[in-house]
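Once you scroll down, you'll see the structures, which are given as structure tokens.
Look for chain A in each of the two complexes below; its partner is chain B in the first and chain C in the second.
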Partner chain A sequence: MSEIVERAALPLAQTATSRRPIGLLLVAMPVLLVIWLVIWPAINAISRTVWRTDVNGNAGFDLSSYAFFFSDTYSLGNLAVTLWTTLVCAVLLLVISLPIALYLRFSRGRLPAYVQALAILPMFVPSIILAFAFIRVLGPNGMLDILLNALGLPKIRTPYLTPWGPVIGLVWDNTPLTVLILLSGLGGVANQAIEAARDVGANAIRVFWHIILPRISNSILVALSFSVLGIFSSFTLPYLLGPASPEMLGPFMQRTLRDVQDPIGAMTQAVVAFGFCILFGLFYVRSVARNRGNR
Partner chain B sequence: MSVLNIAEVTKTFSGGTNAVDRFSLDVAGGELVCLLGPSGSGKSTLLRMVGGFEQPTGGRITIDGEDVTHLPPERRPTGMVFQSHALWTHMNVFKNVAFGLRLRRMPAKQIREKVEAVLELVGLAGYGDRMTTQLSGGQQQRVALARSLVLEPKILLLDEPFASLDQHLRERLRDEVRDIQQRLGITTLFVTHGQDEALSMADRIVVIANGRAEQIGRPDAVYRDPKTPFVAGFIGLMNLIEGEVKNGHFIRSEFTTPLPIADGPATLAIRPEALDLTASNAPTARVHRVTDYGSHGLVDLDLADGTRLKSTVANLDLFQAGQGVGLLPRAVAAYRENQQIYRS
Partner chain C sequence: MTTLAPAHPRIDWSGMVLALLLTLVIVGPLLVVATWAFTEVWRYPNIIPQQFGFRFWGQTLGRPDVWNALILSLRLSTVVTLLSALICLPAAYAFARMTFPGRDILFFSFLAGHAFPKFGLLVAIAAIFLQLDLIGTFWGVVLIQLVGTLMFMIWIPVAAFQAVDRRMEEAARDVGAGPLRVFWSITLPQAGPTIAAALLLSFVGTFYETEGAWLIGAPGIRTMPILMISYINNQMVIQYGAVLSVLLWVPSFIALMFARRIIGGGAFARGFGG
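Entry: the complex of A and B
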């Protein structure tokens, strides 16, 4: 049975591919780039961290750098703070961006246009500028402190150089993209579908929960994966705004490489980070595939 | 007893468009009323105000004596069927229909019974497990209808529900909807800009232009006795001729006919089937084109000044392009200042 199917399918597939050499070329370019720039260095890094030469010059399989990473409380602390930052940012991004996107999608008039411009603005502000603005406003003796002082109020405990510093910066930085992705998802929800739900008796909350949310779950997934991947491996904002210890994996790698001069250690950290990102990626692909299957 | 009362309802949009202008209508229980009018005349806006999707800027809407003017859609006893794109594509047919009942916390067993009964009613028995994207356009609109009907609304609102379907399907569905509507005795407001639809389905027709009711009446009455030139021109084919009345005669170019009204400008309305053509030594019109519709023929005529008229004839062979003919109206109506002032 399957033989017949295969024989029947083969000529079709052949003509289809031979008719589309351009399509194949278009796909080949990014695939080759990914192999060259991502997969090859990754394999290289992994092999260099597990296939090592010891002090006597004997090469051999060696997992000691990983054993060290996963037993060293400092490394584990850094991993934990990275995961914590990523998770908190993801939750905050959703909590902040979804209402903005909903507002932009469902309100009419001139005001939403301004709100949208405002929400997208952070996209055009470089991280460095953002970091210094943060320090000038929220840092010790920053604008907020001066303002509070002028009002006769006590100073705040500044988030600068605490784990909340990078969180605030990263959420600000990732809000525009998240809003835009959610907004495009909301664009796919027809007004009449929503009105029909109200017509059969659903109030605003029910409409959101039963009609809108299921339709944009994919967009939420896409938005979160984009930001989660970026935040997990971010460098500039945690480096400039975060505490020295524990630090996120980005600055940690940089310091291990430059200051401690331990390339194998840095590479091990990179491989661990890469592993987590692949996990996120797999989760994303699986969810999208499952949603597709439901359609 | 009137179930739906629309009193002096006005809707002015923020841009200044006066979509509905002091519109009043009484709909009796079990009646099907068609809102008929050209594009942009305010039909949808009016229907959406009854459904609660737009807020009137003036007037009152009452359903069964209860003022619903300021109630949101979810608290009105109305059910709306939209033109398209209104099904929830992430739910299957059963869930689409059951959603409203679930919101009302009805027991699952009862929901199943009701949904199956209503799917049977709209001719979709056994389709419950289908995803809505796997249905044809006609089936999708049946689901939308079932979704409204299952909640047993006091008033069913349909906004050009068949506009995106082909002619055949449209005719079949409109018969089915009429059957269901009469069987359930459900009060219905139906928006369309197709006069066939209105004439064949409605108990009463409301002809709307520029947000105002031009005429309200039974389909045959609106067809036979249009009260304004707009209605005359909008319902069915009609020859509308602008001209002058002098000494009891209507005059346009070489065409004259007796018209016992006071002198002055007037608009004469003659149905093509009420305009006979005669052989004449002094022809008043010339045949422009002859079209064979199978069941009857239609002759396009030109007056000397270029005014185009139409006449329905039984025997096409008597006429050919270029031929001169005399005109003999059998029934006419005359309008002056937008009012009917004479009917023969």
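Entry: the complex of A and C
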């Protein structure tokens, strides 16, 4: 952590002039808001789920809500479908975004500009509109069924309300940022390195494997961390496109909190989600901080 | 990767395949929604609607729940953006121009929200709001959406203030301009466009924010996205949702393209750690 702060301190310090505590006063409000509405809720969720008051009014260390979560087949099924969705999405995102990013990195002209514009477009489409479009295209009697029928082919088995529904929606939604992050990483791959490898007879696959991949592995990890954090606890798309049971953790937490009115249960699920994502979260924050500091 | 600097012009097959596929999967669904918005009758299995028309525009715009949601959403986004500007812009200026104890740690503290899976954090916040009786209230939703704008509204303006040419400020001060005058005439015009883009981003982002509004606001607060959710879940008339999608999406798209031009695509990716 100190390494990040040191590196980050440089560009900030160069622009600073006045050394007055009034700065602290100016930044106090947003910082307090972060403490109250980010750091405190996280601590509160952990402490209230492990330090609980029992029926007799005695407070004490108590992991029973976690014991329940990890022994309840319904909760475990939801966790399993969440992990499955996250994994499948991460793999699909890489398989789709990497070729697009590679193509964009090594091409110039109108066609690549068009491809880039399209690849970024989903970033500007809100998830609810995406969900609506998904149902109209892939839902029962949707556009795809219409077209298949016109060609005399059988209808598809619609992914709507199956675990594949959220997968398709989430991949659609997360492709732009994955492409942008990978593209930014590919920007650091020097043309000379590739040309040198070409000159000694390396083919495209070997250039990719030995020259490009090692240089963008960090960007790949950043892109994966970012999408894992978003997908693991996504709510809107699984809620609208996924099955009612098993459901992903996002809709599950929402139902536990608002419909079942069990805050302890919902916080337990949230803490479980924190636990599964902590490594990705720390890695992501470290990368952004380092990136920002180097500017 | 096979298209590395071609010595002679040749057909860009990989580009054509990518362009075709992306057009199909990205523009295709949006076109279908747009078509539905201008459709009066479209029965399966016709490839194109039997009857086009604007009838459902009138019907959708005549619905009181649409107007209530629209007004509420605009009010929410305005309040959140103004509050966010009020507390974030002075902070951004301080981060860019002043030194004070703990500055770097505080600067990066805005990343804390991004270390958690987002909806998990929202649930943890909602559990606190339950005790404070903020669930189902306007200000509960304002607070939760305000947190979502913090990082954007601080980091982008900090970059803007840092990019201002300090020599021009010093020159103005040398000829006798006061600090406020310098800020108003030199600093603000240079940092202004980027700050405006940040404001726009936070307004549009708040307008479409669904998860916090749904988790904290239901059932009392029905914003536009939440109305859309109920149209998707239990509205037989498909066109209502389609009209709303077109109506809402086009202005936000124009606004975002504008914002992106000012901030720049590269900065966009870097902001996300790329």
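Operating definition for what follows: the second predicted complex is superposed on the first by the 242 of 295 C-alpha atoms of A that agree within 3 Å, B and C clash if a C-alpha of one lies under 4 Å from a C-alpha of the other, contacts with A are read in each partner's own complex, and residues count from 1 in each chain.
Criterion: a contact is a pair of C-beta atoms (placed from the backbone, for glycine too) under 8 Å apart; a residue touches a chain by one contact, two chains touch by 3 or more.
All values reported here derive from a predicted model rather than from experimental measurement.
Engineer: In the superposed arrangement, does A:Val222 touch chain B (first), chain C (second), both or neither?
Structural biologist: In the superposition, A:Val222 touches chain C alone.
Engineer: Compare chain B and chain C by how many residues of chain A each one touches, and report the one with more.
Structural biologist: Partner with more touched residues of chain A: C.
Engineer: Between chain B and chain C, whom does A:Leu76 touch in the aligned arrangement: first, second, both, or neither?
Structural biologist: In the superposition, A:Leu76 contacts neither chain B nor chain C.
Engineer: Should A:Leu180 be classified as contacting the first partner (chain B), the second (chain C), both, or neither?
Structural biologist: So A:Leu180 only meets chain C here.
Engineer: Considering only the touch criterion stated at the top, classify A:Leu279 as touching first (chain B), second (chain C), both, or neither.
Structural biologist: After superposing on A, A:Leu279 lies clear of both chain B and chain C.
Engineer: When the two structures are overlaid on chain A, which partner does A:Leu37 contact: first (chain B), second (chain C), both, or neither?
Structural biologist: A:Leu37 sits against chain C, while chain B stays out of touch.
Engineer: Should A:Ala190 be classified as contacting the first partner (chain B), the second (chain C), both, or neither?
Structural biologist: first
Engineer: Considering only touches as defined above, state whether A:Leu121 meets chain B (first), chain C (second), both or neither.
Structural biologist: In the superposition, A:Leu121 contacts chain C only.
Engineer: I'd like to check the shared interface: which positions of chain A are touched by both chain B and chain C across the two complexes?
Structural biologist: Common interface on chain A, chain B vs chain C: 109, 195, 198, 295.
Engineer: So in the complex, which bits of chain A are touching chain C?
Structural biologist: Answer in residue numbers: 4-5, 8-9, 11-13, 15-24, 26-27, 29-31, 33-35, 37-42, 44-45, 48, 99-100, 102-103, 106-107, 109, 111-112, 114-115, 118-122, 124-137, 141-143, 145-147, 149-150, 172, 177, 180-185, 191, 194-195, 198, 204, 207-208, 212, 219, 222-223, 226, 229-230, 232-236, 239-240, 249-250, 253-254, 257-258, 263, 266-267, 269-271, 273-274, 276-278, 281-282, 284-285, 287-289, 291-292, 295.
Engineer: Would you pull the chain C residues touching chain A in the complex into a rising list?
Structural biologist: Against chain A, the touching part of chain C is residues 1-5, 12, 14-16, 18-19, 22-23, 25-30, 32-33, 36, 44-47, 87-88, 90-91, 93-121, 123-128, 130, 143-144, 146-147, 150, 154-155, 162, 166, 208, 210-211, 214-215, 218, 225, 228-229, 231-233, 238, 241-242, 245, 248-249, 252-253, 256-257, 265-266, 268-274.
Engineer: Using the touch definition from the top, list the residues of chain A that touch chain B in their complex.
Structural biologist: 109, 190, 192-193, 195-203, 206, 210-211, 214-215, 294-295
Engineer: What part of chain B is in contact with chain A in the complex they form?
Structural biologist: Residues of chain B touching chain A: 14, 51-53, 72-75, 78-80, 82-90, 99-100, 103-104, 131, 133, 144, 147-148, 151.
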